[in-house]
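What follows are several structures.
Same chain, two partners: subunit A is paired with subunit B first, then with subunit C.
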Partner chain A sequence: MRLTKIILSFISAVAILFSMSATSFAKVVGNKIVLGAAVSLTGKYSSNGVHTQNGYNMAVDRINSMGGIKVGGKTYKFEIIYYDDESNPKRAAQLAERLISQDGVQFMLGPYSSGLTKAMAPVTEKYGVPMVEANGASRSLFTKGYKYLFAVLAPANLYLDVAIKTAVELNGGKGVKVAMAFEQDAFSQDVRLGILDAIKETGSTKVIDDKLPKELNDMAATLVKVKQMKPDVLVVSGHTKGALTAIRQIAEMKVDVPMLAMTHCDAAKLSKQHGKNSQYALCASQWHKTLTYKDNFFKDGMTYDADFNKMFGYAPPYQAAESSAALLVFKDAFERANSFDQKKVRDALAATDMQTFYGNIKFAPGGQNVSKPMVLFQVMCDAAGKCENKVVAPLKWASAKLIHPVPKWSER
Partner chain B sequence: MSKNNLILYAAILIFGLAAPFIFPAFKVQLSILCVLIVLAITWNIQGGEMGYNSFGNILFYGLGMYLCASVQVGMFFPLAEWTESGGEKTFVHTPVQFFQGMAVGLVVAAVVPTIVAGLIGYSILGLRGHYFAICTLGLGVAAGEISGGIEIIGAGQGFTTPPFPNIGSLEARGEFFYFLSFFTLVLTFIAVRSIYSTRFKLILNAIRDNEDKAEAMGIETMKYKIIGWMISAFFCGLAGGIMGGLVGYIDSTDVAFDGREMGVFMVLMAILGGKGTLWGPIIGATVFHIFKEGFWTFFLGWQYVALGVLIVVIVIYFPEGIMGWLREKYPERFGEIVDEKDRKAQVELK
Partner chain C sequence: MDFLVFQYPMITVQACLDGILLGILFALIAYGMALQWGVMNIINIAQGDLVILGGYIAYFMYLYGIHPAWGVIVAPIIMYFVGIGIYKLVINKVVDRDLFISILATFGISILFMQLMNFAFGADVVLANSGYGTTMLFDSNVVLPNSKIFSAFISILFAVCLVIYMKKSKLGRAIRATAQNARAAKILGVDTEKVYAATFGINAALCGVAGALVSITFTIHPYMGLPYTIRSFMIVIVAGLGNLPGVAMSGMGLGVFEEFADYILGTEFRIGSVFLLLVLILVYRRFKLSKKREYLK
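Showing the complex of A and B:
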């Protein structure tokens, strides 16, 4: 039977193909430290994936041009191998495996979003590969006992609880009615948990608790309910698309709510895309350019903002800033460890205690950054329609006073 | 079985057993390849042989994935606390617990989807053609949305499957999952091959070629259609269970009920290789997987465009799949006797 021959030759062809592509290049080659990263270049997180990548690239450029990393008396430069995880956890887990076992990467940077980080962490942990991640905030990442995972950002449950507490404070300490709409993903669901805790703590009540689909393009059903129930606070979280959809439909449907709290306003470039419609939206942010943190590489937030703008043509959202910070952390750890031994670098990372333009970084035993508070900013527009994000809480950083309650659409 | 066939199977078996040691860096990709082949073979049972194009097999795959992981956790620890999003407790499986849980989990992951296939098959296999395809498409989407709301399996937070215990070397995990998926593949192949050598396959083909006529001849088509789908579901569930452990993280719509990717891929692989053949889905899945991995490396950010071009090329140049194309090109190698004169005469008549 000749078919046998066809199949046999096919198998050998496959074998040859596999063996040819098995080129493995190691972590530290010559004067380069190769880091691996899977980011979302396509799929539902693609815009934030690009912010992440730009943040990484900017820091690599800056660190390399300012003398690189000194380990054992030799100077090294950073290089990153990127893959596209397509915003898909299955793909992300495969890519982590691929970066480590095929590309020989020994140090990793995180992907965008909690879900993808959750998929990659078991793999990096298994191989003892230190991973500094800047975009996985879900609390459940830090309760799994991972030893090689470090996050430069504050956990997700702390994103918006401040908003609820502020609303209660402005209500004279009495509980408020809260409407919530969250996307079905690890990050947003964790933000939801934070809100639930805050509701419990302040004696508030939840009047709407909706789950939104992942490809979030329509939340009219929730908004109709909001119109009926008249809550004091509306909380929406669903990455960039969630923020854009919420603002678009709230404006279209003229939904009046005294406080609108969201995430991802700056990543979605809300004030630019929706102008005055986005006015008064209250947003949780890991970073804002006006914060007065400093470091030697990017100087401060304002300088970072200007340099990033020059390099990529848009204002950096916090996703980019925290990604840049991840590389500063790695550089610092390499130099303190003075070695490329994964265990030593891991220990150096765990002992990190530094200030960057993005904020202070010090890791708790679970790997989350505990020394950096979240900030809340509000989108504020002037008469000419030029909108800007201004920090309103915590008071230490505030550059403007919170406008509350939000004026009704009929009065705008 | 002819001698040639024996040599072929022995060669493949040896290649399969040696593969993780020849290409140690590719264990995960090879494991996924085995799972993909299983999915393509099982899709082919009702998609290729029976002519019922299902987009719903992803339902069984996802179900198997969630079931296997849930059983593996639930047998030893409280499942609700494991998946609780803010969960503060850390549970660790001992090696014995891990493997016991996995074994029981895989059995459940295979059996339950089979029963589900029987139940829903009874109600929807009465639909034909496009109506059946659309209906099954809905099944997968609905399952994804529903599972995304069930708290005990993690809902939108996702479900982290038990980490592989610390035994042996770093390679242990990869080797375990590779051999698990490879043996599942072998099992599937043997099962499907023996099924294909019985009257059952002829009945499925009869249903595909003309269901009414088959019924008129006294075949209880409904019964066979359901059985065919149940066989598919059995192996799909098994594949899902393995994949869940391999990926390590289950998300309702992106990993488990991933109709947009896996659900479409299994159809695509079967068609690429040639549906309605035994080897077609295997070749299709292998070619597809290699191309896909290649595109992901060389066309970063454009991989789906490249994949799209590949699909267009397949549809235009290989509408019958690789096996169909080979068959047309070298009919004598498939045991078909070609009377050249007769063939020419036919061509000239047209």
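Showing the complex of A and C:
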């Protein structure tokens, strides 16, 4: 009995010792800069959560193997502590708290999705922990006056306004009729606000404005309305299920619309799941491998694509690319701040002005990246039915000419 | 509010046909739920998750190059054994307890299934392409995807087969006897334990068929089961337990109601309107249900 007690107290003493050493081990110790990240490894965002983590890991590997980070004449290496936030905003906020107050992390990377970033930002802000995030695009993240939040991606309201502007341009500068179908979540509604702004700006009119439910798997009613109202542009945003449902039902119901623009095409693997039916769809993307941005670590998009493929066995979606870019931003900021003082690093982040393989990065006062435009690609298929995404707008990056108007179903 | 649906008669026809085809599929799922509820007095919250699991079976066949329509034969066979497994592991421990315990148990199974499917198949939304094409009616003013017509046809086929099976076969009669009075059936030599297991298996098999059809017509995702549970629950509440034509009618009624709610109130209220209808009907049926015991015919 006494022996068990002694053993027990010994074990707990060791445990306490370990937990204390874990606390002091974190932050910046020896030659390591420890970053904290909560990503969705399980739950409904798990596929994109894994893309995010792979993107982070790839950049850590690359930066460490190419000499690390030089601060105050000493060389440091990145290390990331990961937790699984289970795709749950409450859990994400708890984990942010835990990373900061228990693990002693002083610098954070973002989670996947606007919703989770929104849950974590108040915590990092409270502790004054700089967070560079790569997967939260909702406009509301950048209007709250956060001082320690920086996003390498373009905000959600810029996702599809290019499509409206292009349609107006092709219409000889005259306004167009726009049909919209958006899911009711923070991200899609922000995309909708961007479209509304573009409609106003170009003197266009909206003829359908449907809100899609979270459990969306049938949008036949919206499409019947589209057939009746004959809009010039149909815009759909409802994550992967919105993209998949829209393409399936547009093909089945033979809905003819001159321009179809949507989000999440590459996450939904549209061209793989739907083949030729997805042809001519226009998709908003943060990044595409054919863009010609360059940096010293990943060289350019094509090289990143090849290296990522070699390391993880699949082509990188833009979620992975932007996550890798977040670490390049951190490295750059640490070196310019030449210090690990959170305030100084924050100021250095705010002054970021650089080019990465993913695009130019320069933060507005709200924390969003304002110097990288969105690109639009169009799904194009050859006669054999092999489909590819080709960048069609903005013109500077275009690798193919936009096919407009989309041929009618009866002519395909 | 938008009354476009009444301004163009062709849209009204389209909405009705869409609703009916959709409703027949719902009715098949609801029939399984009614069967189980009537025989075992269990409300299966995991109904929708069984549907989604059936959908994944068809999806994986599609991935391996087999036409997903074969899923309507393969999925029920696999799902039958999944159903028996669930019965042996969990349901037989709660089958003679009160309704609340069984709801809790099946709710637990539902959560477990969601997480397991998410773990095994990933969180991506997927679908199986049947390549069935489209039927155009009334000078192409009304379009019906053949996949929807196919799924309605298969649903009717399975429902009819099941009704005949229930009437003619030995097991079918034993199931009906147990539904009427489990104790008396036991005294007269019916192995009620076996009957319960078979009933749960048959329900899971029906969900398997429905799931395969869902993957062909719509999309599937590990967390998309709940709307199917709610819809079948509602259909059963409206129709009553022993009333198969009632289940079919209320299934189609719900389908049409959903379509019209979608047109008039907007797509965002589609599922919401189903919930609202459920609350109204529950309030209306409350007294009836608590006073009268109903049997499966």
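Quick note on the criterion: the second predicted complex is superposed on the first by the 385 of 412 C-alpha atoms of A that agree within 3 Å, B and C clash if a C-alpha of one lies under 4 Å from a C-alpha of the other, contacts with A are read in each partner's own complex, and residues count from 1 in each chain.
Methods note: a contact is a pair of C-beta atoms (placed from the backbone, for glycine too) under 8 Å apart; a residue touches a chain by one contact, two chains touch by 3 or more.
Bear in mind the structure is a predicted one, so any value in this text is a computation, not a measurement.
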Between subunit B (first) and subunit C (second), which does A:Q273 come into contact with in this model arrangement: first, second, both, or neither?
-> second
Counting only touches as set out at the top, which of subunit B and subunit C does A:K70 meet: first, second, both, neither?
-> neither
Considering only touches as defined above, state whether A:A119 meets subunit B (first), subunit C (second), both or neither.
-> first
Which superposed partner A:T245 touches (first subunit B, second subunit C, both, neither) = second
Would you mind checking which one, subunit B or subunit C, touches more residues on subunit A?
-> B
Once the structures are superposed on A, label A:T42 by its partner contacts, choosing first (subunit B), second (subunit C), both or neither.
-> both
Contacts of A:P213 with subunit B and subunit C, given as first, second, both or neither = both
Looking at the overlay, does A:S138 come into contact with subunit B only (first), subunit C only (second), both, or neither?
-> first
First, second, both or neither for A:K200, with subunit B first and subunit C second = neither
Subunit B versus subunit C as contact partner of A:R412, first or second or both or neither | neither
Overlapping contact positions on subunit A, where the subunit C interface meets the subunit B interface = 42, 87, 184, 211, 213
Subunit B contacts subunit A in the complex at 2, 4-5, 7-8, 11-12, 15, 22-29, 32, 85-90, 92, 145, 148-149, 155-158, 160, 163-164, 170, 173-174, 243, 247-249, 251-255, 258, 261, 279, 283, 286, 290, 294, 296-297, 300-301, 303-304, 326, 330, 332-335
What residues of subunit A sit close enough to touch subunit B in their complex?
-> 1-4, 6-8, 10-11, 14-15, 17-19, 21-22, 24, 41-42, 82-84, 87-90, 93-94, 97-98, 101-102, 115, 118-119, 122-123, 125-127, 138-140, 143-145, 157, 182-186, 188-190, 193, 211, 213-214
Residues of subunit C touching subunit A in their complex?
-> 4, 8, 11, 14-15, 18, 22, 115, 118-119, 122-127, 129, 134, 136, 140, 143, 145, 147, 218-219, 221-224, 226-227, 259, 262-263, 266-268, 270-272
Quick one: in the complex, what on subunit A touches subunit C?
-> 42-47, 87, 181, 184, 210-213, 215-222, 224-225, 228, 239-241, 244-245, 248-249, 252-254, 268-269, 273-275
